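In what comes next, chain A is part of two complexes: it sits with chain B in the first one and with chain C in the second one.
Entry: the complex of A and B
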């Protein structure tokens, strides 16, 4: 329980933000950043802890978004149930995809490729199938009220997405401290060795994929409720696949707070770029691409890894006379 | 529907476009064969090459078939530089990092093109754009026939380089046994960069052959590269003959599925082949089991 204190503190500080900040623009910025952090945390469970780099997490985001929207619009189902169904659909898709790919022994480049291809297939199907509204997309009717999971105030949406991010942070933390998490990290570090030691490699990867897919799908469900509109380019577009992997990598891949930190940094950079040059198409993505390359180049373990490293160096410099036991072992 | 007068032209056109796919796929399979990574920047580089060919025609008045003499070395240098000075040092020798760096480069190139030229689709008018050759039962576009012949000439040239030159021997040595090659005095970073450069030059040649009968926009390369991925997976990663045969097969399959299913579903056909091959036989038709 003690380990959950930092998470609780971070969430408490974030929860207080709408009490101080009333600007809709700022709140909107934070809501979108938290949504990306949630999608990124999903990627982080599978990619960061499990080492399976997916290039197509849009498949889960989009499925969550479409299921939430379609159930309400076409079948008149309650928004909360639609939201839950969206998460379940994402998890189910994760199970199917995981079972197919891991059973065929796809890893590394191949896994990245096949996830990318699945997201593209879903995008093309969604752009022609009548049930998704094809090229026009699906519009959820504006009907404010807690029953419909639609709110006038940004703060309400903010607390909802913050709660989801909180659940994802605790999930990551519980995984990190569990036997399952240790298996997962063993698979990332050396799959063959893990297998030789009796880890059920495919089972572990599959479970990670389902959890990962469910979390990223939740971000998609939230997208549908917040913007009340989904089309194939938004739901299954590369923008979300890229941001889902970008945020944990920038923040710190395979760390609990990496995706949250990364999302805030990525979104701030995007906004700064817009302020500097106006809303030119493609500019924010140019910056994301450059940041991705630079982070891998100079701090391969992300900002959190970089900060830990910097602190170690500083401590070593100031406390040269009495190095701690841990550092003595490192040296 | 199944009369030969419709089927034969569809098959022939599929073979012709398949040859262009083969060139794109050759670059991809070459890089995979040596560096053991999938180059996710391949499509963006193709878009960039198409823009280069477009502006060589518009601004310098160079016919694409002339511009290839300029663009192939230029893109070789670009590919060499990318691998030697960015991808290599940035990825610290880790395969997962390499994937991410090529993805990052793809995002940068594609969106720089979008930023500079907007999403407009552009074409060029060459005098031979609508010329055709009458082969008895059907007509074939001259530009596509030129592309077909040139694609095989490039494949042959590549094979000669790989078989008979010292550079080719070094590349094959690194592909087989990286550490051993390094101990024998081969500069692995240089060989990686040369391979990447050759793959990028293939893309530039493909762009010059493609532009007379095709169009260019910032994301046009993506469509080709997903097809190229499919071909490379189908033919076996790293296998040059596999890439050629796979490309012709996919060209024909696409042409026929377009005929029977319509444009957008024809595209899905390619993806389904791709996913099924990956799941059932990831080593491809000609590749050895990994």
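Entry: the complex of A and C
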């Protein structure tokens, strides 16, 4: 329980933001950043802890978004149920994709390419299939009210996405301290050694994929409710696959707070660039690239890794003995 | 002698046109140390990989405690009590020594606290007590060999397959680790070891199998096999035994 205190503190601070900040622009920015952080945390479970780098998390994001939207628009199902169904559909898709890829022993770049291709296939299908609204997309009718999971105030959406991020943070933390977590990390470090120690490598990877897919799908469900519109380019576009893997890599891959920190930093830089250059197209991508290069150059373990390193150096300079990595983690 | 705990029966392994293991049989009896020796490229590690489920045999059977375990995946064999170490050590370099051992300890201990207690105990047993909090990649070769051993032990094995745990160690390090292995045997763990360090084989093993070019060419007590002309020829070439015989024999 003591280990959850930092998480609770971060969430409490973030939860207080709408009480102070009333600007819709700022809140909108934070909502989107938190949504990306959620998608990134999903990626982080599989990629960060499990070492399976997916380039196609859009598959889960998009499925969450489409299921939430289509169930409401075409079948008149309640938005909350649609939201839950979207998460479940994402998890199911994760199970299918995981079973297909891990069973056939795909690792590393092969796994990355197959996930990328999978998301692209879904995007193409969604852009022509009638049920998704094909090229037109699916528009959820504006009908404010808590029953429909639609709110006038940005603060309400902000708290909802913050709650989801909170759940994802606690999930990551529980995984980190569990048997499943150490097995997942062992798989990342060395599959053969893990097998020899009794780890069911494929089973562990599959479970991680399902959890990962469910979390990223939740971000997609939220997208649908927040923007009330989904089309194939948004739902299954490479933009979200890239965001989902960039935020943890920049923030700190395989760390609890990496995706959240990464999302806030990357989104802030993107906004700053827009202000400076007046919305030149593609500039945010150039910024992502530049930041990624800098982060990997200076702190290969992301901003969190860099901060930990800096703290150690500072403590050593100030004369106190720095705790070793193992002790710090057990404490 | 009672039924052996582990029995390899006429196991064959073919990689394309190469016959790596050719109808090799061996047994390891419970509570004893059995050694598998042979020249480089004889197929010893391949045979180990078949026993531990990493490679599928093209023919033959592996029996463990009376059951046919041929072709079972490694993680299930580990659960049954068959553990192995790797010739080329495979530490989880991103983890501490304690966490490395913890991975194995979790096989039979669900909770973190129980598994950590086991990991610490085993770390002390193999002489890694003071390194538990260090990152695994800071260990020396000897330290990594010990870690390899500790991780395998943490899975509570009944049979331990040791693939050249002594290779690459200097004589004093070998002297340090030999008692550790003997102690494991005394605690009831059946050991099957691949080893090139003959000094250790002679002092540890009760029974030795000799593999050459995929075929089991000899077996017996350590003293018997080293005196066997077939074994000498497998290592030194045809006619070597006779030459040695003429120069040293009389």
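Everything that follows uses one rule, which is that the second predicted complex is superposed on the first by the 319 of 331 C-alpha atoms of A that agree within 3 Å, B and C clash if a C-alpha of one lies under 4 Å from a C-alpha of the other, contacts with A are read in each partner's own complex, and residues count from 1 in each chain.
Keep this in mind: a residue touches a chain if its C-beta (ideal position, glycine included) is under 8 Å from a C-beta of that chain, and two chains touch if they have at least 3 such contacts.
Values in this document were obtained by computation on a predicted structure and should not be read as measured data.
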Touching partner for A:296 - first (chain B), second (chain C), both, neither: first
Chain B versus chain C as contact partner of A:281, first or second or both or neither: first
Touched partner set for A:118, first chain B, second chain C, both or neither: first
Residues of chain A touched, compared between chain B and chain C (which is higher): B
Partner chain in contact with A:131 - chain B first, chain C second, else both or neither: neither
Residues of chain A contacting chain B in one complex and chain C in the other: none
Chain A partner contacts - residues on chain B that touch it in the complex: 32, 36-38, 40, 86, 89-92, 94-97, 99-101, 103-108, 110-115, 118-119, 218, 226, 229, 233, 264-265, 267-268, 271-272, 274-275, 278-280, 282
Residue ranges of chain A in contact with chain C within the complex: 177-179, 182-183, 185-186, 188-190, 192-201, 324-327, 329-330
Touch list for chain A against partner chain B, complex: 51, 53, 55, 100-101, 104-106, 108-110, 112-114, 117-118, 120-121, 124-125, 127-128, 242, 245, 249, 280-283, 285-286, 288-290, 292-294, 296-297, 300
In the complex, chain C residues that touch chain A: 52, 54, 73-75, 78-79, 83-86, 90-99, 102-104, 106-107, 110-112, 115-116, 132-135, 151-152, 154-155
